[in-house]
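What follows is a pair of complexes built around subunit A, which joins subunit B in one and subunit C in the other.
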Partner chain A sequence: MRARIRWAIYLLVFLSVLIPMLTGISFPVGRISESTQAVFDYIESLPEGSVVAISFDYGPSVIPDVQPIAKALIAHCFKRNLKVMGFALWPTGEPLGRRAFEEVAEKMGKVYGEDYVYFGYRAGYSTVMLQMGEDIRKVFEQDYRKTPTDRIPMMKHIRNYKDIDLLVDLAAGDSVETWIVYAYTKFGQKLAAGVTGVIVSQMYPYIQAGQLVGVIPAMRGGAEYEELIDYSKLLGEPGMAKTGMSIQSIVHLLLMILIAIGNLEFVMMRRRR
Partner chain B sequence: MRQRIPLIICFICGLTMAVQFFIPHQYSQAVYSEAVNWLRVIGVFGFVIGFGTLINIHVRRVMRGGANAPYSLVLLLGLFGTIIAWLIDREKERFFDWIFYNVQMPLDSTIFSLLAFFIVSAAYRAFRARTLEATLLLVAAVLVMIGNIPITDVVWGWLAEKLGLKEGLPGEVKDWILAVPNMASRRAIYLGVGLGGVAQSLKIILGIERAHFGGGG
Partner chain C sequence: MEAISMWVAAILTLCIYSFLYKDNPFYKFAEHLFVGVAMGYSAVLTFRDGFIPYVWKYLKAGIVGERISYAVVDLWRDTAEVFVLRQTEPERLLVILPTIIGLCFFARFIPRISWLVRYPIAFTLGLGTGIALPLGLQMNIYQQMYGTLSPFGMISKLSPFQIFNAVLMLVGVVCTLTYFFFSAEHRGGIRWVSRIGVIFLMIGFGSAFGNTVMGRVSLLIGRMFFLRDWVNEVIREVSAIFG
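On to the complex of A and B.
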């Protein structure tokens, strides 16, 4: 009996993902959370030509949560004519960051080396963060295309954190905390984050303390950001997070119904005893 | 002697770096800059040791045979296969990319996707209001879930219009749960962890904690 219930639940989950995916059902995003709005507003307030750095510290398992944030964030920076530099402290983040930049830059007609630059993966984690405060060239001697950093036009005036107006960490682990310790506390670097659903709740003390400008919370945050920048109009494709959130809505509804049934069953069993 | 010298090095380095943090002088910054360079070099040695240990353990497992040997073999094949793929096309990294996009990405995504099935099944069986604490957790979780999904905005928007309720209330409730009770408990945990970290660091610097030498504290 238990096995049958389990299989029925698995089937329901499968169908609640498949049906909205096939029918293309879509719900409006609705309310924008304060932390997402804060990141958006901060980027909006930056003057043209300001530098935004993005650290890709996640892997393929969290693509639905973080990759849409990456793309929306890059698109927003490009829209505002900001200079964007990217790198990864997780080896698995390197191809994901590269793909996000290539996809968005191609659609928005941005030029590599002038509007954006990508350095790829660097090992060392906290050491990389510390050395970036001294001289970015010490850790990123060349970009992912093997071009020496000194020969990249965009990097001419970018030497360390003093030249970066905002650093956004896209994270699936504890990297946000490490950035706060090494980049914010030691060098005063302005930080924001885009994180997975699992670690969103960990970020609140840092937002309230002002150590983070704001946080884009997982797929929901990605959908909110896509809404804020009018992603589908800007890139001519539907937002990945908005589509995902509609599917997630149905799965969450199913989850709540199952929790209610489970509790009803529990109450009835207790009464019978 | 084998323990005393590392202990002295640890004490000097720990103390120097702790004091250095509070001295914004150019000499102090030079020490810091040099230490960070050393850290990267030492990190590379760490990689070499880790790589060697990993190979050593899994080669031995494969040689010994047994139920776990195939897993170790897959690990070794994956490890060396990726390195070879990178070595073959170091300039454009096409093979390396192919492995990432066609092996690692689907595998990683599949494993993570399976979690959704287990979570829903586990929530049905275990997420029950057995005690007051469990009930509080249950209510908070459901409220956060309700506030997070866009369908709530649609339904609540309609209800708010018909019944004159406050617009966006589920989202505000979710934000309040995360920004007040959640944050208060997180902050308490972080303070505890922070103090624990300071105490542990002091124990290591002063040589009281010696677990890193191996053989327990």
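On to the complex of A and C.
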């Protein structure tokens, strides 16, 4: 009996993903969450030419959660004519960051080295964070194309955290906390984060304490950000998070019904006893 | 090449999802392959982007010198000459110290000298604790306390909803901390306060669980999108072959 119920749940979840995906059901994005709006507003408030750094600290296993955030964030910065520098402290984040930059920059006609730069992966984690506060060139001597940092036009005036207006950590692990310890607490660097659903609850205390400007929470946050920047118009393709969230809503509805049935069954079982 | 990688990824995805039926050799194969590839990729990347530029290059510059080329322009004769020289930088050899400490981690694999591993661990722990302890205290205790109490310093400027939020947060913090307070027996008033703390904890766990479910469903949706694209690709290829 138990095995049958398990299979029935698998089947229901599968169908609740498959049917809306094939039929293309789409729901509008509701009220934008405060934490996502805060990141958007902060970037909107930056003057042209300001520098935004993005750390790609995640891997391929969380692409649906974080990659849409990365692309929407880069597109927003490009739209506002901000300079964007990217790097990865997770080895698996290196190709994902590169791909996000290349895809968005190509569609928005941005020039490598002038509008954005990508340094690739750097080993060292907290050491990298600490050294960036003193001299970025100590940890990023060259970019991922092996061009010395001093020869990259965009990096001419970027020396350390003082020259970075916002650092966004796209994370699937504990890197946000480490950034808060070493970059915010020690150097006062303004921080924001885009994180997976699994760790998003841990982030809210840091927002209310002012340690993070805001947090873009997983696929939901990605969809909200795509809505805020009008992603499909900007890049000429539908936003992955927005499409995924419509399906997500249906699965959530199913799960809520299943939880309610499970609880009802539990109460009835207790009464029978 | 892209088509091959798509096929490989699709087959491995199906291998992983076969676990829903039961543990089987296809799942095991895909799981082991994933772990192996991830480790191999990380090792190569760390070697290429960590060891080569920050150890090897420095050692080389310290021992055999670095090739430096510069041009001298003679404005009077309108000529330029390029000079190349090798400049040794012995101070760069200092990198050998952290390298030796780091290499001691590998002593674990040789039983006779495995005790050497204690030194890099001690070094890492000491350094990490020394740096992180004061900053961690500031981040997790002082700043959080400030975040909890600061709304009361400007209560006259807050809306009724914000005041409610601030009070709720303070009550939540006090009650939850009381639950973890073991120096007094949980009786009478303390018992009630700690019970309220449990309710706050349950709400916190519920929120974390909800977000975790959202994260897992996102991954399923991502894979389903990928499989849909793969199936479309297969249909396109088949229809191209059979006209």
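Here, the second predicted complex is superposed on the first by the 273 of 273 C-alpha atoms of A that agree within 3 Å, B and C clash if a C-alpha of one lies under 4 Å from a C-alpha of the other, contacts with A are read in each partner's own complex, and residues count from 1 in each chain.
Note that a contact is a pair of C-beta atoms (placed from the backbone, for glycine too) under 8 Å apart; a residue touches a chain by one contact, two chains touch by 3 or more.
This one's a predicted model, so the numbers in the text were calculated from it and none came from an experiment.
Peer 1: Touching A:M108, do we find subunit B (first), subunit C (second), both, or neither?
Peer 2: neither
Peer 1: Check whether A:F27 is in contact with subunit B, with subunit C, with both or with neither, and answer first, second, both or neither.
Peer 2: The first partner, subunit B, only.
Peer 1: Quick one: classify A:L46 as touching subunit B (first), subunit C (second), both or neither.
Peer 2: After superposition on chain A, A:L46 lies in contact with neither partner.
Peer 1: Which partner chains sit in contact with A:N263 here, subunit B, subunit C, both or neither? Use first/second/both/neither.
Peer 2: The answer is first: A:N263 touches subunit B but not subunit C.
Peer 1: Taking the superposition on A as described, I'd like to know which of subunit B and subunit C A:A38 touches: first, second, both or neither.
Peer 2: In the superposed model, A:A38 contacts neither subunit B nor subunit C.
Peer 1: Given the touch rule stated above, what does A:I63 touch, subunit B (first), subunit C (second), both, or neither?
Peer 2: both
Peer 1: Could you say whether A:G244 touches subunit B, subunit C, both of them, or neither, answering first, second, both or neither?
Peer 2: second
Peer 1: Indicate the residue numbers of subunit A shared between its subunit B interface and its subunit C interface, in ascending order.
Peer 2: Correct list for subunit A: 10, 13, 17, 59, 61-63, 92, 123-124, 130, 200-202, 205, 208, 220, 248, 251-252, 255.
Peer 1: Across the complex, what residues on subunit C touch subunit A?
Peer 2: 20, 38, 41-42, 45-46, 49-50, 53, 128, 131-132, 135-136, 138-139, 143-144, 146-148, 169, 204, 207-208, 211-225, 228
Peer 1: Per the contact definition, I'd like the list of subunit B residues that touch subunit A in the complex.
Peer 2: 33, 36-37, 39-40, 43-44, 47, 91, 97, 100-101, 104-105, 108-109, 111-112, 116-117, 119-121, 123-125, 127-130, 138, 142, 145-146, 148-154, 157, 168, 171-172, 175, 178-179, 182-183, 186-187, 190
Peer 1: Which bits of subunit A are touching subunit C when the two form their complex?
Peer 2: Contact set of subunit A toward subunit C: 10, 13, 17-18, 21-22, 59, 61-65, 91-92, 94, 120-124, 126, 130, 141-142, 177, 180-182, 184-186, 196-198, 200-202, 205, 208-211, 217-220, 240, 243-244, 247-248, 251-252, 255.
Peer 1: Under the stated contact criterion, what part of subunit A meets subunit B in this complex?
Peer 2: Within the complex, subunit A touches subunit B at residues 5-6, 9-10, 12-14, 17, 27-31, 33-34, 59-63, 92, 95, 123-124, 127, 130-131, 134, 146, 200-202, 204-205, 208, 220, 223, 245-246, 248-256, 258-259, 261-263, 266.
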